[in-house]
Structures are given as structure tokens and as C-alpha cells.
Amino acid sequence: MKEIVLVSLQREANPVLVCGLPGSGYVGKLAADHLISVFKLKKIVEYASDSFPPVVNVRADGTAEEMKAELFFGQAARGRSLFVFTADAQPTTAEGEYELSDAVVSRAKEYGVKKVYALAAYITGTFSPSPKVYGSATSKEMASSISAMGVTLMKDGGISGMNGLLIGVAALRGLEGACLLGETSGFVVDAGASKSVLETLSNAIGLPIDTSKLKEKAEETQKVISQLQAMSEQSQETSPQNRRETRPGYIG
Amino acid sequence: MKEIVLVSLQREANPVLVCGLPGSGYVGKLAADHLISVFKLKKIVEYASDSFPPVVNVRADGTAEEMKAELFFGQAARGRSLFVFTADAQPTTAEGEYELSDAVVSRAKEYGVKKVYALAAYITGTFSPSPKVYGSATSKEMASSISAMGVTLMKDGGISGMNGLLIGVAALRGLEGACLLGETSGFVVDAGASKSVLETLSNAIGLPIDTSKLKEKAEETQKVISQLQAMSEQSQETSPQNRRETRPGYIG
Amino acid sequence: MKEIVLVSLQREANPVLVCGLPGSGYVGKLAADHLISVFKLKKIVEYASDSFPPVVNVRADGTAEEMKAELFFGQAARGRSLFVFTADAQPTTAEGEYELSDAVVSRAKEYGVKKVYALAAYITGTFSPSPKVYGSATSKEMASSISAMGVTLMKDGGISGMNGLLIGVAALRGLEGACLLGETSGFVVDAGASKSVLETLSNAIGLPIDTSKLKEKAEETQKVISQLQAMSEQSQETSPQNRRETRPGYIG
Amino acid sequence: MKEIVLVSLQREANPVLVCGLPGSGYVGKLAADHLISVFKLKKIVEYASDSFPPVVNVRADGTAEEMKAELFFGQAARGRSLFVFTADAQPTTAEGEYELSDAVVSRAKEYGVKKVYALAAYITGTFSPSPKVYGSATSKEMASSISAMGVTLMKDGGISGMNGLLIGVAALRGLEGACLLGETSGFVVDAGASKSVLETLSNAIGLPIDTSKLKEKAEETQKVISQLQAMSEQSQETSPQNRRETRPGYIG
């Protein structure tokens, strides 16, 4: 892994780290990209890792770009320093996931971060018009706190991949962390779940977040969902086991 | 891998290392947790490894915790120093298993340990009301000794995973080691098998171990087993090949 | 990985690095071997990697040879320095691919290379008498430039394996890179696709390349293709879904 | 990987390294063990590797032993120094195979070895009463030389695993190497194939090898083969595609 520091910072006052990586429904990635766009955050660190998938991405203009992870930073409203971590992909090995989680959490700690939020998806296999937010935290205080904001605390199980590791590593390094998981079917890119997650985050860190653009995307998603549901209802008449193939509770 | 020493020790007099990791029937893990609880052992070392499954565990209170392995220590009865090693999971790669085995055995050797016991399961695929204990040891003396205590010596095959590696690495480092494997169906968490294994261990290291709480758990297990057997007998009338799917002799 | 420098060079004037590795249709490998032969390039660096497949190749004369990658060099026409990179196989792990890509790009940069071309296949699953060339580049300028030469720019997707990584790593190291991907069915070793790719390369780097020997091979390939098509037409009468099994757009 | 030197040697006069590892038919392993026994060779180096399968072997007497590779040495007849390399298993990763191959070849080179022979199996899927020996070598001279002794030179393909790597790495280090592959069905432990391979080796290195004990084992094997053939002929009457499942030419 290689960490390329583009902008060096001092210890920030009152900062928070929010992480959103590609995964099921793109819930976390959409939310992270939205924060970067809304608060006009600047990229301060790039991470190259030889455990990323061995692929270059080709963009619409025909240009190709290597896989990377990125840490963004900016002063959000109300004197709140905001770090956002995202990536083109998750590493392909457990070792790579641990290494990258450790690098970004260590960097954030150096800049004064005490709380880490990982945004991701909670897959139910069914479509919900008002997605709930599930969650877990590394301390009882933080678990109580997100619970008081309407987050349904998970009762057992595990949170796999970087989303879980980021808060696990945060705890190992003496920070606190919480996962906020937006309920999603897992079948489509789900801006509605991202919006729900960001509303909870807004509440948790006391920072107003304009989600109007996500709302538009969510309405588009809703149309796709309605079409899928109509198709699904038709196909279920002939093939009743479709629903069984969903994996409720899977977290990605 | 990272070894975090919480409490530093001197060379102990007459110490023994007992290892019990998650595996089939949770036989070894239940036994290790029981020893920690009964003898009020203190955690002295934590191990983080990037070859653990990339998951954080969520507990019943909604809190999440990173995967780790732990070494506990305490003065058990009769002036016997007891080290117990356990973990949330086994590493996912052979390299990770070797590395962790080596770290804990080296640490134990430094503190004066000469004998290592790995507790685990011997899967038969059938339910036994009084589980036997199978075993193997790294020296002829130790093999004879556990045989004299009623352990059925394995005649060939292999013991896979950390349970085997721990005693293999012990031998490489000049210590002796034995695996004690409790007979279990492999279908349920089996406190009865853990109890059998601890009774043999008690005999082997000359340390009385109160297994009354495990006995209660074992009786609960026995009820589940009885129900499963009743169901199994019914299903076998219609599907006679069920029993063939069991894997006798598999060690986990 | 081990880099064995056979001939040490100074910084070359106006050099270019062309890479062609084994993959679908052998398009890139055939093209690279052709360049080495036509311009009488000399081997200057060998790479051994423990992530190559654990195999030795046996040749027609009964001799066996270990897997390796090789960098060749020579003065091509018009004062153009030409580096060609090829290998017996691609590494089997992402880590190995990143490491080897990094080694050869770093070496080429040291010798003054500013542009890297990776030659490979663009699989369509159908046979084309005049294979098109698809492509992508790491800068808008280079993408425009290859587009102006008749290359069809890819619009999205990814380029996997060393072919993509080589230009991704080139960009990371401050160089520019382009992939030139010859349209091929993916069913046969395709000298025609290699010829198309080399004609585009010739145009791009302003270096005449004699492809007459490849043309002969391509004509042999064409005969095989005609036979396959005849057989395919017969079998399609009885099995119409054959064509669906092709994977259009796959890049190897 | 860890190399434990038990006995340190000087540069030997006229030494040869013979390697036989577990694989199909146990051809190479049986042959190596036979050489160690017949020439009363002494173990001089042990290799532990964390890429061996994570298993301890249990022997008939109930004792368990960690996986290892071993280098043996002794003065064979006619003033010939003989090194024999064998192991309990082959490493599970390409990286592990390369590392171990490199360690033993480097060690042998230090002690004056110039030629390396790897003994293994050539799988045909059918039973042969007088198994042929196939082979390949890293130099034309050595290929001609083994061909003159009745070895059928392979014409193409690859030799996978440590058997191939050992001679590939030998060539990388400036030594010569040959694989001698005993024809075997691949279905049973085949002492007859080991005997054929050792007779060729005897010829190649000019060292008489008493194979009478292997002959006894081979005759036992032959009885098993005869039974299997009888059973196979019966079953082929009802299931004619049995023979198609064999994999001719596979090398293990």
C-alpha cells in the first residue's frame, strides 16, 4: 500500500471521519460522494494498494484510471471539520482491507478525529419506501446515542468488509466508531437508502446536510423499483420461489 | 500480526498452556472460556491479525468488536500457573495460522511453559451420551501418558487448523504438546464434549476443575440432541441416506 | 520478484515502451514477439516472480525453462528507441501483477520512457475479417490522439490484468499510457488482430513496422476461422444457443 | 520459511541432488525414501514453511508431527556424494513453492551440486506392467543424455509444482536439472513407477541402486492393479465412459 499525502494538515478542532465505500446498493459510496459534493471537500490523501482488483477503470471520455482510495477534507457548516473516505473498490484480500483501514484511521487520528462513522447497506431483499437505518457501535455510549436517534441496533451477527473493519480498527486505535446501515433491497443502486443514512448521520454529528439532490436520485430509483415490483409480481405468479433467493440481513 | 502485552510476567513455576479455539461444536472454545471463568484468569496479551476474517462481531447490546485472540493467565489451585489461549475466530490463511501459533507458543515458552494442550472436537456425525476423548501428542511419553488416562490415541490422519499447529509449533520450539479431542456429532454446540475434554485435562495436569456449569449446559445440549434424534428418526424413514452425509473422524 | 539486469542503459532519447503479454487470442504476445523479431531487439532485463504459475515450460526439443518476464531494447528505424516488455505468463495474484507492472514501468521511466502502450485483445465472440482496434488512455490528449487514428474509444468498463495495470501504474508514476485492443473472437490465436494493433501502434509512434510475416500467419488463422465458421453454421442449425455463450467486450 | 541446518558440510566432490516429493502415485516420494533407506543417508537440513498445509500428521503410534521438508546426505557407492530432498507435503501456494525450491537449490549449490534430478509421476490413466519414463531437462545436453538412456522426451506442455520448479530454479541459479517422470495410472501408490524412475536415475548418475525392496512393493501394487482391472472390466460392460475420465499426460 502507498499513501500519497497531497495536502498536509494540523490537528483539527472537532473533526469527524465518515467512510462510504462501494458495496451493495452503492449506499455508502453514494452517501460519501454526496458529502464531498455538497460540502465541496478537497482531496488530501490518495491510497494505492496492490490488493485492489487488478483493473483500470475506463470513463465515459475514453480515459483510463487506476484504482485508488481517497481521503477528502473540508470545513463543513457550524465549524465542523469533515473527513470523508471513499474508494473505487474494496481491497480483494483481508490483509489489504486491514492495511487500508489502519492507514486511514491512523491518519484521521493524527488529525484529531475521535469518532468514525461507516455508512453502508443493510440488505433485506425487499423494497421499502421509507428505508430504516440499522446500526452498531464500538462503545455502549455511542450505541445508546445512535439508538436514541431512531437507529435500530443490530442484536448479533457481523459486519463484514471495510465497513466493519474501519470501526473495529478505530476501536483498536482508541477511537469510537459506528456503522450506519441503510435498509435496501440489494437489487438496485439505492439513493433512498443513502438519503436515510445521511439524515441519521446529520442528526448524529449535529451537521445539517442538504439531501435534495439525493432525493431526486431516490425518486428515480423509486420508479425503477416500482417497475421491478410490477415485473416481480407477474413473475411470481409463475415462479413462486423468487423471493426465497433474497438474503435478508446481509450487509455489504 | 500485532501482539499487545497488557501484563508482563516473569518466568512462572510449573505453568501449562491450554488452547481452545472456535471450531466444530465449539468444543475447544467452550472449554477455554470455562477455564477462564472458573479460575478467574486475567487477560495478559491480545493478538490482532490481518488474517482474521474481515468482520466485526456485533453483540447482543448492539456494540461491535474487532476480531482478536487472547492469552489469559492466573494461579489455579495447587500452585499451578495456568495460561489459556482463545480467539474469536481462527485465521483464514495457513500463513496466519502459523504466525499466530508461533506467537503464542513463543510467548508461553518465555514464561516457562513446557507443555501445551489443545482442546478441540473429534467429529463422528452421531450423538453420544458419554463422549469419548481422542488424542495425539508430540512425544511418545506424552502419548502414553494421555493413553493411560483413557484417551483413545489416534492411529493416523491429521489434525488440521490451529489445534494441530499449536502442538506442532510447540514441538518445533522444544516443548511438548497434546491434542485432546472430544467426541461430538458436529451438529450442535456441544458442552458435553467440552466437559469430557476438561475432565481428561484435569487428570492430565493434576488440577481439579469444577465443571458443574458445563454440566448444566451439557444437559441443555442433551435435550436439543434428543429432539434432533427424534426428528432424524422420522426423516430417516423417508430418506435413508441422511446418515451417510456425516463425516466421521473429521477434526475441527 | 527478482529483476536481473543483463545490459545497463543510459537515459535514451525519444524512447517508447510497448507491452504485450499472453492473454486471449495471444494478440498482445504475438505483437510483442513480432516487434522483437522485426527490430532485432536485445534482451536487457529478466524478471523472475514467485507469483508466476508454479510450472516450467517444456519446449519441442524436450528442454524445460522456468517462467519469466523479459524487457527487450533496440534502436528501431528513424532514431526511435524501442522497449518491448513480454512474459511467458501473467502473474497469478493481483499483488504479483502490481509488483511486476511497477518494476517494468519504473525501469522504463529511468531510461527516459514517457509513453507506455499495452497491446491486447478485445473479445467480441464473433469473427471479423478486418479487426477493429479499441482503446483507452490515461490522459485526454492521448485518448484524442489514438481516436484520431481510428481507434474506437471505450466508453466505460474496465481493463483487467497486466494490460490495464501497466498503463494505470504508468499514470501513477507520471507517465502516459494507452491500451490498444485488437478485436478478436477469443476462440483462436489471432494474428490478424495482432496485425491491426501493430498498424495502429505504427501510426501512433510514427514508426513503420513490417507486418508481412504476421499477414501470413493471419491468413493461416483466416483459414482456420473459415473452417470453424462452416462447422459453427452446421451446428447452429441443431443448437441455436451457441452464439449466446460468447462474451462480447471481454478484454484479455 | 525457516531453514534449520542440523549438520554443516563443506563443498563436496562430485555430488548430485535428487528430489522426490509427495504427488500422484507417490512415485517421487517412494523413490526418495528408498534412496534414503538404501544408502543410509543422514538428515542435514530441515525446512519449516508457513505455506505447508496447516495440519499436523498423526502416526501409527499416536504421536503427532509438524509438516516439514528435509535434506538428506551421504556417501553413496563409487565415491558419489548423494543429496536427497523430500517433504511431508508440497507447499500450498506458488510463493511457498518458489521459496522452498530456492532454499534447497541454493543450499545444494553451496555444497557443490551441479545437477538436480526431480523424480515424479507421468499420469496416463491406464495401468502399465512395465512403466516408461518420461522426462525433460534444462539443457539440450542433459535432454540428449537422458534420451539416450531410454527416457521419452516430452514435446511440449508444462511440469507443475515443486517437481518442475526445482529444475527451473536450478537453471536460474546456473545449475542443470532434469525431471524423470514414471508412467503411472495415478490411481494407486505405484512402487513400480518408482522403480522404473530409479533405474533410469541409476543409469544417469552412474550409481548402482538396489531396488529389490521396491520390487517387492511393486509386486504388491501389481496385485492391486490386477484386481482393479478385473473390477474395471466388469464395470465397463455397464458403464463404458469410465475410461474417458482419466487424464492422460497429467504430471503430479
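Each chain carries a letter (A, B, C and D) given by its place in the written order, and its residues are counted from 1.
Convention: a residue touches a chain if its C-beta (ideal position, glycine included) is under 8 Å from a C-beta of that chain, and two chains touch if they have at least 3 such contacts.
This is a predicted model, so every value here is computed, not measured.
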- Query: Computing the C-alpha centre of each chain, which chain sits at the greatest distance from subunit D?
  - Reply: A
- Item | Equivalent interface positions on subunit A and subunit C, same or different at half | different
- Rotation angle, subunit B onto subunit D: superpose the C-alpha atoms of these two copies and give the value as a multiple of 5 degrees. 90
- Query: Measuring from the mean C-alpha position of subunit A to the mean C-alpha position of subunit C, what distance in angstrom results?
  - Reply: 38
- Message: Suppose each chain is reduced to the average of its Cα coordinates; what separation in Å results between subunit B and subunit C?
- Response: 53
- Message: Edges wherever two chains touch, nodes for the chains themselves; is that graph a line, a ring, a star, complete, or other here?
- Response: ring
- Which chains touch? The pairs are A-B, A-C, B-D, C-D
- Query: Given the complex with subunit B, which residues does subunit D contribute to the contact?
  - Reply: 48, 50-67, 92-93
- Per the touch rule, the subunit A residues reaching subunit B in their complex are 94-95, 97-99, 135-140, 143, 147, 153-162, 164-165, 167-169, 171-172, 177, 179
